[in-house]
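Every chain is named by a letter (A, B, C, D, E and F) in the order it is written, and numbering of its residues begins at 1.
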Amino acid sequence: MSDPFFQPVSGFVLPRYAGVPTFMRLPLVTPDHPRFSEVEIGLVGAPWDAGTTNRPGPRHGPRQMRDASTMIRAEHPVSGTRPFERANCADVGDIGPNPASMPDTLERFTSFYKTLKSQGIRPLTIGGDHLCSLPILRGIAADEPLGMIHFDSHTDLYHSYFGGEMYTHGTPFRRAVEEGLLDPKRVIQIGIRGSMYGREDLDFAKSVGIRIVRIEEFFARGVADVMAEAVEVVGDRPCYVSYDIDFVDPAFAPGTGTPEVGGPTSFQALEVCRHLAGLDIRGADLVEVSPPFDPSGATAYLGANILFELLCAMV
Amino acid sequence: MSDPFFQPVSGFVLPRYAGVPTFMRLPLVTPDHPRFSEVEIGLVGAPWDAGTTNRPGPRHGPRQMRDASTMIRAEHPVSGTRPFERANCADVGDIGPNPASMPDTLERFTSFYKTLKSQGIRPLTIGGDHLCSLPILRGIAADEPLGMIHFDSHTDLYHSYFGGEMYTHGTPFRRAVEEGLLDPKRVIQIGIRGSMYGREDLDFAKSVGIRIVRIEEFFARGVADVMAEAVEVVGDRPCYVSYDIDFVDPAFAPGTGTPEVGGPTSFQALEVCRHLAGLDIRGADLVEVSPPFDPSGATAYLGANILFELLCAMV
Amino acid sequence: MSDPFFQPVSGFVLPRYAGVPTFMRLPLVTPDHPRFSEVEIGLVGAPWDAGTTNRPGPRHGPRQMRDASTMIRAEHPVSGTRPFERANCADVGDIGPNPASMPDTLERFTSFYKTLKSQGIRPLTIGGDHLCSLPILRGIAADEPLGMIHFDSHTDLYHSYFGGEMYTHGTPFRRAVEEGLLDPKRVIQIGIRGSMYGREDLDFAKSVGIRIVRIEEFFARGVADVMAEAVEVVGDRPCYVSYDIDFVDPAFAPGTGTPEVGGPTSFQALEVCRHLAGLDIRGADLVEVSPPFDPSGATAYLGANILFELLCAMV
Amino acid sequence: MSDPFFQPVSGFVLPRYAGVPTFMRLPLVTPDHPRFSEVEIGLVGAPWDAGTTNRPGPRHGPRQMRDASTMIRAEHPVSGTRPFERANCADVGDIGPNPASMPDTLERFTSFYKTLKSQGIRPLTIGGDHLCSLPILRGIAADEPLGMIHFDSHTDLYHSYFGGEMYTHGTPFRRAVEEGLLDPKRVIQIGIRGSMYGREDLDFAKSVGIRIVRIEEFFARGVADVMAEAVEVVGDRPCYVSYDIDFVDPAFAPGTGTPEVGGPTSFQALEVCRHLAGLDIRGADLVEVSPPFDPSGATAYLGANILFELLCAMV
Amino acid sequence: MSDPFFQPVSGFVLPRYAGVPTFMRLPLVTPDHPRFSEVEIGLVGAPWDAGTTNRPGPRHGPRQMRDASTMIRAEHPVSGTRPFERANCADVGDIGPNPASMPDTLERFTSFYKTLKSQGIRPLTIGGDHLCSLPILRGIAADEPLGMIHFDSHTDLYHSYFGGEMYTHGTPFRRAVEEGLLDPKRVIQIGIRGSMYGREDLDFAKSVGIRIVRIEEFFARGVADVMAEAVEVVGDRPCYVSYDIDFVDPAFAPGTGTPEVGGPTSFQALEVCRHLAGLDIRGADLVEVSPPFDPSGATAYLGANILFELLCAMV
Amino acid sequence: MSDPFFQPVSGFVLPRYAGVPTFMRLPLVTPDHPRFSEVEIGLVGAPWDAGTTNRPGPRHGPRQMRDASTMIRAEHPVSGTRPFERANCADVGDIGPNPASMPDTLERFTSFYKTLKSQGIRPLTIGGDHLCSLPILRGIAADEPLGMIHFDSHTDLYHSYFGGEMYTHGTPFRRAVEEGLLDPKRVIQIGIRGSMYGREDLDFAKSVGIRIVRIEEFFARGVADVMAEAVEVVGDRPCYVSYDIDFVDPAFAPGTGTPEVGGPTSFQALEVCRHLAGLDIRGADLVEVSPPFDPSGATAYLGANILFELLCAMV
């Protein structure tokens, strides 16, 4: 039974451009709010992009995504799921980053996610760059490695950049595997493409058992077949879903820092999420939405719909 | 035999960026023009968006569409149809709206379309938001309900908004059915998608017999199969074609007020129109092109090509 | 003595791009909030632009202004005023408009401002188009006509548009004078310019005693001299300040619907406000900021600084 | 007495965004129109930019200027001039260029202006790049050299480019002096600035008696003083006014191909024109408005107001 | 064995946004460079768009493409080809055009390509508009007609424009066939679409034996089947590959002057190139990338990837 | 006597949009170039913005500034200075940053500037954010504190951010004073404005003797008077010039991360530099140009002209 407090504002009542924007027009329930502990799924803003090796901007993602997500309505058009009636969902605010210190921010983020976990709140995070996924996993997977379904055009499995830097948006999952936060044999990466530095990341994936579905295989087999395999890879044990917006072709999602052409359509971008229902999802994220490179704001609209799909899969 | 007066200016003679832009570079033949009564298909500008519940802008649609439509040439590339040689086509100008009064504007529009009908001119309207379709139907369908093929991501079948408002761009076809302007059993809506408020519109559609083809069904069956059904639904009796640009995926048509991701490609956007030839089309419209949200102008280019497809289907 | 609750978040603590944006990062204290009655100055969002006769968009003003106003810091650089320590300031939310009904929205707005007045909250409104000023005045000036200092490139004193429409963004102050909400002898309009329809508005101004300072006079005399006169015109009795962003030259504020070239600089845009301190200001507004016509967002930054100047004048 | 046929459409009747756009909403009276010979001042579109040595785009100027000029109203705000009541003004259409042949286009343009002259129509031309001024002068100054007031950041007095090219937008007035179309002793150039290739153009100016007012002198002396000299330079004999939009600072007019920073404001841009009244102006132009480099369209708005100022000076 | 001198800078060492941009971060080896004669494949900038009949801008293509191409890495993701290790690749600079003279520029270009040919350098050209292909062919195909695989939405086979102009971007391949630079029986054009002037170009193609694959056939048969035919058409004799970016749908490549909707995706845009490996490619080009019409820069990113595909096919 | 090698390419020979862009079209002479030691003034790219506390982007500044600076010609329009004939000027390339490590990058930068100093090359740096000025000063002022003329809207004299971070773009000159790199009594800051956190930075300035000229004083006294004082403050001993583009009003320079409205015009932006001639300038920088926030690119054009002014002051 749904709690009226945790319901979004309807566009039939208040036009979508009106009101202070929160994620999906949900109530803002930050950790100091009296009803914080009642939240079941928390939409978290992670305005941090210090891991970016190329064009910056995802730090502005949460704010633009709040704006765009006011377009989301209450019911999934295919499954009929009404997520806000099935779980207490709330915007739990932004994690305050320290833009001048990577170690401090990693620590702040990890701590925030530990708090969520201790309260039984599953996080749906809006980045931020892909390095954000590392402190999320440190916060929620400390006691047990998770499986992961990872949508992306890049593996983010590199060892280091620029002469030994271990923490960039190209390395989070290498670190997560090394730290035992992910169970590589239950990790699948989908959509990988683009010209390559070399084979280092692929060799690592192979060596630890990560399954990579390149875009050619994705297009050849189709969404249903690939996602059936993905569901099998993670199995019925706890898992994480990480969604880099550059998984999608830049025609549909230009607002990102390292676009790779030749990707899926927006329909496929939604469709892949519809196969996640039923998994034991402990958290999910959507990262790398970069407003400064998105003149029309279209990327955030797509992102808002992906968030809604992820949310429907989590409830 | 084609009348030289009703021919567009060729891009071989005058570059496309030159000249006062009219729709498809056709002559401007407003109601006070001596040859008005000779027009057979009138391209009408409807610069009005007072029915918009979200982001405004379609009032600027006709002017931008005139500009973009100067790219259109004389012959259909597949069917070989040369529409300007088969019917007297003209830009019949814009209907003057009253931006401060919805009732007055509805009346002005209805009156304009009644005039067109009385002169035997079939209208191809460039909106404006989707509320424009209501006074068009009031003008041309007063004596006999029409069938309709409706391309859109939304049903526009809601009862009311904001506490009882009956006239918005989300309600025109509910009104049209209620007023007997459409024969709901000969109405088909194609491309419906996006998160939903609830089931009110779908329930209404079902109750009156409107056929809805959701986007998933559209993709699964393909254009040819869906359009064969559409043609069957409207049959050989008089019908209307209403085309909301948000039918198309926003990657191809970002310039619209309420984009819904996960839609058809531009190729499919054209392809669906190619199955309309042979129907008894009494009028058609393309609505919701919103220049302020289209930084590159790409939406208007697509719109101009859709207009040309609709025109080829009408001659 | 300042109340910690009513203080904005500092950019030294949380980066300006982080957090749910409220006006100037103040607490959000809507009418249902327990501390609503403690608010002394309420920043109000008025997302409504149905009075627009030309390019739409100010309905999106409050949201963009909230975002841009996160750049505002705590202290005025010249006067040293720290407004948040001198009055309880809060974002009191947006007034819910009815985009499909002008009468209903005028009523909703009037009612909201009556509530503010009854609670002793002085409003600083962020529009919306200039028609918003009418229901504001109806709400706060019902019992006693106010003087007004009005910055604008247009007089907004027309009788009607489009064949008799009395309510557009070109008529609010004609209505306000007729309704006895403004004392025309204590009204001054500054910055008027642009090609003219005719002399109707000027004749009306003259007939009721409104003082108009055209832009040529403004530039010739300078800010200090003109503002000294403005202060004298309104005197020490209650007054209102209405600021149309198109007062400023469009190079500094492109994001507006009816720009008029040849206006003041951004420095002058701020400077005029600095002469308002000490007046008995019962309310103020900043209107006509239109995000869709502002590719770089610069207009909202200027607007945020004007808001801060107005606020410092009000405390 | 004003002829109703030659009056623009009012914004009180038809909103400014509606209708097929002509210059200032005047009637379109091309040479084949029955009332062509009654036109006294013809607004001419010159969509040609083959003389551009740097960033292209002014070929799109006339179309965008028609759109923006729908903002112009009927009366000058300072002088009270109502130009449309004092002369028969009309949009006489675009001259058809040949984008692939400079000689052919020069010939087409010259011929068009000769026609205008033979009909007693004074041209107010909207470019196009600055090379357009040469065929204009060839058309209207063939029998008697004209004086010229020239607003620009560049002298356009170079001998040649790229190894001997005599016709570019950097050479028109060198040619015009050589061809006896301009009387260099009655030519004044105002606003010159920007880093320089060398002194070749300045030496030429000096050698033939052209007066150059650099921007530093312009700012130091002020508009009134400089323009008094300008009026004296051209005297009471026939003259031409050529206005390159890059005269204005790019903050006010970004949409141009070779912007030079450090220029006049939009107010000064208008003000200089107000001193032209009373001169014997045989033609005028506004050139180098380049829509592709003007994301917000602000340049065209300024341009439309400059056109109106020029028109008021011509009637 | 790869020469260290001819290797690109890695993004692991220097971030992609740093450094003076050359094509793919290769060394700049202009004709006066001591190692020029060692170059095997030369990436050539052709900043010239005088053949454009509509919207200009491709003159800015090479500079933007150099910037975007810094995103390219060293290895092809599917074939594993590492082109920079298989041939000495270099940025050989831009050919200096004469924007004011078409004949002079045609001559300059032809001469440059003759030089490349005489040095044994195969050119991969970055335009510039499609007229550039003509002097390229004059430079490299003078002694033996080439076959050609041509990706485009237009045939570019017209006889002339604007009353007899033989050199525009709509005529290069008509000229090339007439001049014996192409063997029409070994020419295939893929992706043709858009409304048509008439049948003149198609009739010419038919008369000389050029094979045209319209977009409908392309979509129906699929990339592999069409490309198998293409490979067969050109055979194992020397050929050229010409790639107009408007081959791709404008949602993926908006930055072009004459976009035609209804085209291939970015994935297909890459995929077609992967079938070219093994052909005897004597040169290739990518033309019509027009930065002024590409607000997000996405077209150049796609273009850079197409270039990389072409390069991998050439080594 | 000028060395032909160190001369820029002329726009009369090669159009400005052609060629690989280097700063002002000068030769690229990186440290490994044989003529490096002959360089007298080195234009340095500093693509690093890790000190940014708000909107990122200056890392892209050097590349865009190279592009825009191709507009610069050879001679100063007022002084007649031809800088490239008076000193060997060259683009010495970008310093490679480590975007993932602030300490490493500070070290790399310091080392680069030490090299320049040891070679007798005076640096004119193009940032990058304002933190870049710190390692520059560490490199060139290690042996003797410099005076400084600093144009900016912010003092950049804060102690720390975000709970103790000492290195951000708001702290460089605090550090420089503490480290003895600047002689505070010979430092003047001009243009300071915007709402303030508090008085901490001003108190520090006062305590060490830094002179601050607020924008109000700047406008009241005028450029000549303020700059006379500035010249007096630094005296005839060695000094540095640091120019933050946000010194200029955002209407003239929107592309920056923390714009402050109410600033100088572009003319004043150039004019202040013209008073620097004759000073003993050991280095200069232009920082905070942020391309992602500059839709029209106008900021870079202004920046290029400021660079040229600084260069003319340095020779």
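By definition in this document, a contact is a pair of C-beta atoms (placed from the backbone, for glycine too) under 8 Å apart; a residue touches a chain by one contact, two chains touch by 3 or more.
Remember, predicted model here, so these are calculated numbers, not experimental data.
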Which chains are in contact with both chain C and chain F? A, D
Mind listing the chains that sit against chain B and also against chain D? C, E
Angle of rotation relating chain A to chain D [CA atoms, steps of 5 degrees]: 180
Outermost chain relative to chain C, judged by CA means, is E
Pick the pair with more C-beta contacts: A-E or D-E? A-E
Same or different residue numbers at the chain D/chain F copy interface, by half rule: different
I need the pair from A-B, B-D or D-E whose contacts repeat those of C-F. Over half of the residue-number contact pairs should coincide. A-B
Return the distance between the CA-based centres of chain C and chain E, expressed in whole Å. 55
What whole-Å value do you get for the distance between chain C and chain D if each is reduced to the mean of its CA atoms? 38
Mark out which residues of chain F touch at least two other chains, giving numbers and ranges. 13, 15, 17, 53, 55, 59-60, 99, 161-163, 249, 251, 265, 293, 295-296
Among the chains present, which pairs are found to touch? A-B, A-C, A-E, A-F, B-C, B-D, B-E, C-D, C-F, D-E, D-F, E-F
Per the touch rule above, chain A residues touching chain E in the complex are 53-55, 161-163, 192-199, 214-216, 219, 249-251, 254-255, 258-259, 261-263, 265, 293-296
Per the touch rule above, chain A residues touching chain C in the complex are 13-15, 17-22, 28, 45, 47, 59-60, 62-63, 66-67, 91, 93-94, 96-97, 99, 295
Report the residues of chain A in contact with chain F in the complex, numbered from low to high. 49-53, 55-57, 59-60, 98-102, 104, 161-163, 165, 167-168, 292-293, 295
So, in the complex, the side of chain B touching chain E is made of residues 10-13, 15-17, 71-78, 249, 251-252, 265-267, 269-271, 295-298, 301-302, 305, 308
